[in-house]
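By written order: A, B and C. Residues from 1 in each chain.
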Amino acid sequence: MRMSKIVRTGACILYPLIIIFGLYVVVHGHLTPGGGFQGGAVIATAAALVLVAFSHREVAGMVRKAVFSAQESLGLLLFIGAGILGLLAGAPFFANILANSGLLFGLTVPPGPNPGELNTAGVIPLMNIAVGVEVWGGLAIILMYLFSATGGEGT
Amino acid sequence: MKKVLVAAIFLVWAAGLCILPLLLSFGNPAATDMDTYFLRNGQAAAAANNIVTSVVFDFRGFDTLGESVVLFTAVTGVALMFRARKEGEEHEDE
Amino acid sequence: MVFFNLPYVAVVVLTLIGLATIVLKRNLIKIFLGITILESAVNLFLVSLGYREGGIAPIYTNAPEGLMVLPTPQALTLTSIVIGVATTALLLSFAIIIWKKYGSIEIGFLRRLKE
């Protein structure tokens, strides 16, 4: 059964906005409520929307599962790499060496309530982005496999 | 008889769980030393405004690593179950 | 006194609903729903353990004055939620495989292991 024209057009309009909102949640994870896991889950709902609105076969013609698989592995590797960054600088594993250093994401925050500055928090934004990429790919590939297993014709 | 037994077990469970709201007082946690330390020093040490994120990714980074690996393993398991099989490959489905 | 502890009462009720669903239902999907309800009860218990009277969220961006709630239970709840999602995905895949192999997800049919 094909979904109606309204659903398909609505999904086409909505899914870039969902992805942008998810990326906002991921990138601002150290300033506002949210973070890598939550933002990745938000982006994965865009994949769920597209999979429900179109059939699994159409989506599998557009995006291959190997792309999401590689994306998930890349996210985990980036996360471990952000942890090893501490080892390279002579600090313990997972040490936050970029915080307060003046380099990338290295500004100092004033104590107490403040308006927030994106260029702070050291390796935390890097880890947020890595985990966001991983959760995005992981949940999207789980959804694609579950949709492909349940027939694929009807949905 | 069996239903009476199940109902009795559930009543015991419910009574045991009802000790929880009678003993604990909501809104007044008992031991707050570690969290007070995080709230006082987390902003300066991790340079992040969101204390929850700095706990997740900085103070308890190993925890999050394990969490990511659990997610990765689950995805690998799902992919192994539903992977495309070759021609003539033996499997137990269908 | 119990009425001031309304979140803990909700935890007890959710736990009992989840346990009853797991024990009494025969459908695999309903059992998985029970497991998910039990997970929600645990998450609610963790979050409400860390609540302080009149506390605000532990985020300093444009924060109002006041006491902050405890951050560590919230971080552990985040871990718990993600692991719950992973477990649910695996359980649903098992349900699909069992449905393909046996043609049914009622656990009364799944007796081949007992032979």
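Operating definition for what follows: contacts are C-beta pairs under 8 Å (C-beta built on N, C-alpha and C of every residue); 3 or more make two chains touch, one makes a residue touch a chain.
Only a predicted model underlies this, so the values are computations on that prediction, with no experimental measurement involved.
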item: Graph class of chain-chain contacts, one of line, ring, star, complete, other; value: complete
item: Which of A-B and A-C has more C-beta pairs touching across its chains; value: A-B
item: Chain B and chain C, separation of their C-alpha mean positions in angstrom; value: 9
item: Cα-centroid distance, chain A relative to chain B, in whole angstrom; value: 20
item: Centroid distance [mean C-alpha coordinates] between chain C and chain A, Å; value: 23
item: Per-residue multi-chain contacts in chain A, two or more chains; value: 31-33, 35, 109, 114, 116, 135, 142, 145-146, 149
item: Contacts with 2+ other chains: residues of chain B; value: 43, 49-50, 52, 56, 64, 71, 74-75, 78, 81-82
item: Contacts with two or more other chains, residues of chain C listed in rising order; value: 59-61, 78, 82, 85, 89, 93, 96, 100
item: Interfacial residue positions of chain C with respect to chain B in the complex; value: 1-2, 4-9, 11-12, 15-16, 19-20, 23-24, 48-54, 58-61, 68, 70-72, 74-75, 78-79, 82-83, 85-87, 89-90, 93-94, 96-97, 100-101
item: Contacting residues of chain B [partner chain A, same complex]; value: 43-50, 52-54, 56-58, 61-62, 64-65, 68-69, 71-72, 74-75, 78-79, 81-82
item: Complex contact set, residues of chain A against chain C; value: 31-33, 35, 37, 41, 109, 112-116, 135, 139, 142, 145-146, 149-150
item: Parts of chain C lying in touch with chain A, wherever the complex brings them together; value: 57, 59-65, 78, 81-82, 85, 89, 92-93, 96, 100
item: Interfacial residue positions of chain A with respect to chain B in the complex; value: 29-33, 35, 65, 69, 72-73, 75-76, 79-80, 83, 93-94, 96, 99-100, 106-109, 111, 114, 116, 120-124, 127-128, 131, 134-135, 138, 141-142, 145-146, 148-149
